[in-house]
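In the two assemblies presented below, chain A is common to both, partnered first by chain B and then by chain C.
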Partner chain A sequence: MSQPYLRIQGLTKRFGASAAVRDVDLDVKQGEMLVLLGPSGCGKTTTLRMVAGFVEASEGRILLEGGDLTGLPPYRREMGMVFQSYALFPHMTVAGNVTFGLRMRKLPRPEIEARLAETLEMVKLTAMAERYPRQLSGGQQQRVALARALAIRPKVLLLDEPLSNLDANLRQQVAREIRGLQRAAGLTALMVTHDQDEAMMMADRLVLMNEGAVQQVGTQEELYERPANPFVARFIGHSNLVAGELAEGARLALPGGGAVRLAGHYAAGGPCTLAIRPERARLCGPEDPAARVTAVVEDATYVGAHVEVLLALPDGTRVILHDPTDGGAARRMAAGERAGIAWDASSERLFDASGAPLAARAAVPA
Partner chain B sequence: MTGAARSSERGAAHARVSLAGMLVWGLIALGVLVMAVPLAMTAYISLFRDAVVIFPPSGYATSWYARILEFPRFGEALGTSLRISALATLGSLAVGIPASLALVRYNFVGRGVLNVLLLSPLTVPGVVIGLSIYVLVVETEIATEVPLIGSDLVLVVAHLLITVPWVIRLCVANLVGLDRSVEEAAANLGARPLTVLWRVTLPMMRQGIVAATLFAFIVSFENIEMTLFLIAPGQTTLPISVLQYLEYRVDPLVAAVVMTQTLVIAGLLLLLDRYVKLSRIVS
Partner chain C sequence: MSQARGLTAGLLIGPATMIVLGALVAPLALLARYSLNRYDRTNFMIEAFTPENYLRFLYDPFYTGVLWTTLWIALLTTALCLLLGFPIAYRLARSQSRWKSAGVLLVILPLFIGSTVRALGWMGMLGRGGLVDSAVAAASPGSSFPLLYTPFAVVLGILSINLPYMVLTLQSVIEGIDARVEEAADSLGADPSRRFLHVVLPLALPGLATGSVLVFILAMNAYATPLLLGGARFQMMAPMLFREYAVNNNWPFAAAIAFILMVTTLTLTAASSAFVQRRYKAA
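Presenting the complex of A and B:
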């Protein structure tokens, strides 16, 4: 692994007594797309704005290629940013917008012309060079914003919710375009989004944040398969969380009565949280020996690829399971029916009271 | 039965709507009439032949327009008015634009007080401001023996008091509606703060600045009550010279003067309109 290109160390931002960002450490490799993901107010945008230099850090450092950027004003950071609102200059043409950064750098005119042509070609807007932003569609404005940031050949490309103002059907296409350009140019990029699908689609690695702190950093697969805590498990892929008391190594007693027969065997005991993904568990008969817990069906909705089944566990905890559809042959569950829920040890995630994942010692035969 | 009742109800509703529509159109027509009548009447009277304004006139003539030249006072007064208004407008932009930026963009101690202070001249009657400035200037003249009454300096500074609030109001309204991230984008692309101001913020404020220029100019040009205290013989603004003329003579000449003044201002506005679309700014 090469040394980090962009390094964020202990970055903290306090507004009065409360901290919007707490002690964030991140390493971004050269040419990598790192996506900051999290619910609104989690500090991801503040982090990005500190990297861009619009928000002053209360503590911590931002290093680029080993040099400290922390105290530098935005205009000396050599970072190209794409804003959520696009923030195009309304009084300049597309060409004026795209060349603004080049003119600020006082590049020679032929060089500016060449880069303008090259950048517009990249985003397929050559024909629009003399138009004003208000004469363009949302998607075109977005591409101008991207071209403007790319034209300066930034050391880091910053993307603040770049897709949120686009129509749903345009989003995937633009996401792929941005990703293609970023890869082709070998650009290091930092993107912020609240949309899990967007993040999954664009990222080399993801950073999941909540309440100002980093919850987990990793690839899509790492976050999905090995969530670091219950928050990650629920945010990425909507795991069902079931709280209980771990006893006898493989039995999770539910607080309101009843118990779950765990697939793994755990050394620890005490209060625990079980995470089960809707698509990683299956329904079976209530008396089926594979059933790890029995539940009552409350609702079943056919959504195409699967039937979304809402069930209540013995203590009242509600869980959602995805029951695969198979051409309409399978019997549909009905509300009020009793059912068993089964899963394999590989699908089971258990977290202790502090939220740390517990490792199963050995699978207990079902 | 119920169907018939419903349809008659609908008919009544329809009648009410058209009645309301007629009322609205009537009010609009009345408004336009009220605004247009003074100008139309002035234009009409300026063409009367008689030296005394009587109705109906014995005939029509354009000779009053030619006679304006016999009263160079009006020409001088128009010159003074244009000069004072232009200087007051420039001055109020120089004060008002930075003040608006500070009021909208920065949170500093005394911001609320400054805001009230800058807008307060609008709430004080012009006569009171004029009299106060007159007393101050006279006291200063006595103390320093520098002649001040009737000087451009005093007139322009006094006019700043009534033009600056307009500039600030219009520019603040304009600034509040601007997306700050556009300025951040400029900084991100390598523009220093002053470059951001010059290349991005001010161009984006253009509509507000043009509107402010217009209002400042008009407010200054037409002011009588405050200016009345600060003029001197030979240093009179046009509205005041018209007032003075009316004190001992009422003939169509004043109407001709007012029409000439209106045409001069309209000409200036048309000239301005070539560079900025005023219609877009006012609406």
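Presenting the complex of A and C:
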């Protein structure tokens, strides 16, 4: 395999005694969009700011095309950054903003003009060249910020929550625009977001972080279908987590009484966490032989695509299931009703006490 | 209803308007009138309508010399305030340390001490037998280094009084500049000096103008500092104005000096803000 374009090795940032980022290793391929995802305070932004050079790394290295960037100031890193607040120069026109990096590089005048025209064309802002940032809408300001970063033809494009200041209905469109431009230019990009949908839509690969550490790196499908630990399972797609004691390979005893009949058969034993996605399990009658556990319906809310059903397991653990509406034909569950929950072996994820996923040996027939 | 609201508004701004009219406009009008009167040794002030006080000032090289001295001292101290104040203000504004408020307090603290007391302190430092003089004498016996009663002492004294005003004004303006904007310039390839020149300076320009106008006006009107640190032969406008009024009892001429000082200060202030406004709009 070829050398990664951007390589982050053992990157750590300590503030006093606590570590905001712990031992992060990442490889980014040329032309790839890698998205750092995680809850606020997970260290994703600090990681991005270390790559940009705004935050000094406590430990670790950042390598670009094999060269070490770690000690370089931001102005010598050749990275284009799009800030969450856009951070446009308020005293310069759109043209002034977009050509700033080119003027700092002392490019010849005709070349600056050509690149300005080309970049404004890309973000469809040619008509706005002489406007000031305050005269533009949020979406237009965002495109100026993007154009300003693209104009310098950066080696890596850094995006810090680029969509979070936009109206909800603009977000998808802008996300597609950014993705289109990045792909067309073959740019290597590193983006930070706390929004799962945004990350899913934009990424070639995702990096899920929590408490300063990388939880899992992979494609959308890998993170969704094969979560590395319960945190990943819950964060990506909101899995229901059920804690219990694994016994006889296929029975998860719940601490408050009752048990779950597992779909797979597991070699291990002891405390385990079961992860079941709301849309990968179905409701059935409490006496149905397919039922793996019985529960009491606490609430059912019609949300259009499905009915969101909140149930309590025998030990009180609450789980959420998405019951298909089937065009409104399906019988609606009512609060207080008893129901069975069923799922297939392919939808079942079990993690041991350390959080590592357990492999099922063979499916137990339902 | 709108009439009632107008009445309430009138009542609310009324007292302030009366104070401004009574305490500022009326005395100024009176002063303007006095400046056109004639001085007489026995009667002191005679009703008249003559420009002779203004002409006396403008045609006597002694008085115009005092105006020039005042101007260059004020301009020099303003420039020094900018030069010395900006780095302090920038550090304070961008500081995230828990010592930041202590730093701000250190800047504000000197404002609690009046200019006369501060001037007395400088006299002890700079005078014959003062700290500096004794240190020089100790280093090379026989020599002396009296700095008191020099323009240098006056500049130092005014600078020390005005610097906090400049720092506080600049600090609040720099805090208003998004730090991300500087980072943006940084990531786009601007080294620190060009970042300052192309981003920080233009964005801080209105604050620079406000701070400069503030300390310039203070310096133009400085009284205790030039009087105590400048010595008998050093003349600035405010002490001279007081002497004409209180020692020579020449109220008409003192009034004329007051107006010349005020008009000079206002003209320069207006010119500088017009310049900054044009620059800011164009930029």
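Everything below uses one rule, namely that the second predicted complex is superposed on the first by the 365 of 366 C-alpha atoms of A that agree within 3 Å, B and C clash if a C-alpha of one lies under 4 Å from a C-alpha of the other, contacts with A are read in each partner's own complex, and residues count from 1 in each chain.
In this text, a residue touches a chain if its C-beta (ideal position, glycine included) is under 8 Å from a C-beta of that chain, and two chains touch if they have at least 3 such contacts.
Fair warning: this is a prediction, and the values are worked out from it, not measured in the lab.
**Q** So, on chain A, is it clash or fit between chain B and chain C?
**A** Superposition result for chain B and chain C: clash.
**Q** Mind working out whether A:Gly270 is in touch with chain B, chain C, both or neither, as first, second, both or neither?
**A** In the superposition, A:Gly270 touches no partner, neither chain B nor chain C.
**Q** Have a look at where A:Pro73 lands relative to chain B and chain C in the superposition and call it first, second, both or neither.
**A** Both partners, chain B and chain C.
**Q** One more residue to check, A:Ile152. First (chain B), second (chain C), both or neither?
**A** both
**Q** Go through the superposed model and pick first if A:Gly186 touches only chain B, second if only chain C, both, or neither.
**A** neither
**Q** Identify the partner contact of A:Gly16: answer first if only chain B is touched, second if only chain C is, both if each is, neither if none is.
**A** neither
**Q** Between chain B (first) and chain C (second), which does A:Pro289 come into contact with in this model arrangement: first, second, both, or neither?
**A** After superposition on chain A, A:Pro289 lies in contact with neither partner.
**Q** Return the residues of chain A at which the contacts from chain B and from chain C coincide.
**A** Shared contact residues on chain A: 52-54, 73-81, 83, 85, 87-91, 100-101, 104-105, 148-149, 152.
**Q** In their shared complex, at which residues does chain A touch chain C?
**A** Contacts found on chain A: 52-54, 73-81, 83, 85, 87-92, 100-101, 104-105, 148-149, 152, 158.
**Q** What residues of chain B sit close enough to touch chain A in their complex?
**A** 179, 181-182, 184-192, 195, 199-200, 203-204, 206
**Q** Please give the residue numbers of chain A that touch chain B in the complex, ascending.
**A** 52-54, 73-81, 83-85, 87-91, 100-101, 104-105, 148-149, 152
**Q** Where on chain C does chain A make contact in their complex?
**A** Residue list for chain C touching chain A: 178, 180-181, 183-191, 194-195, 198-199, 202-203, 280, 283.
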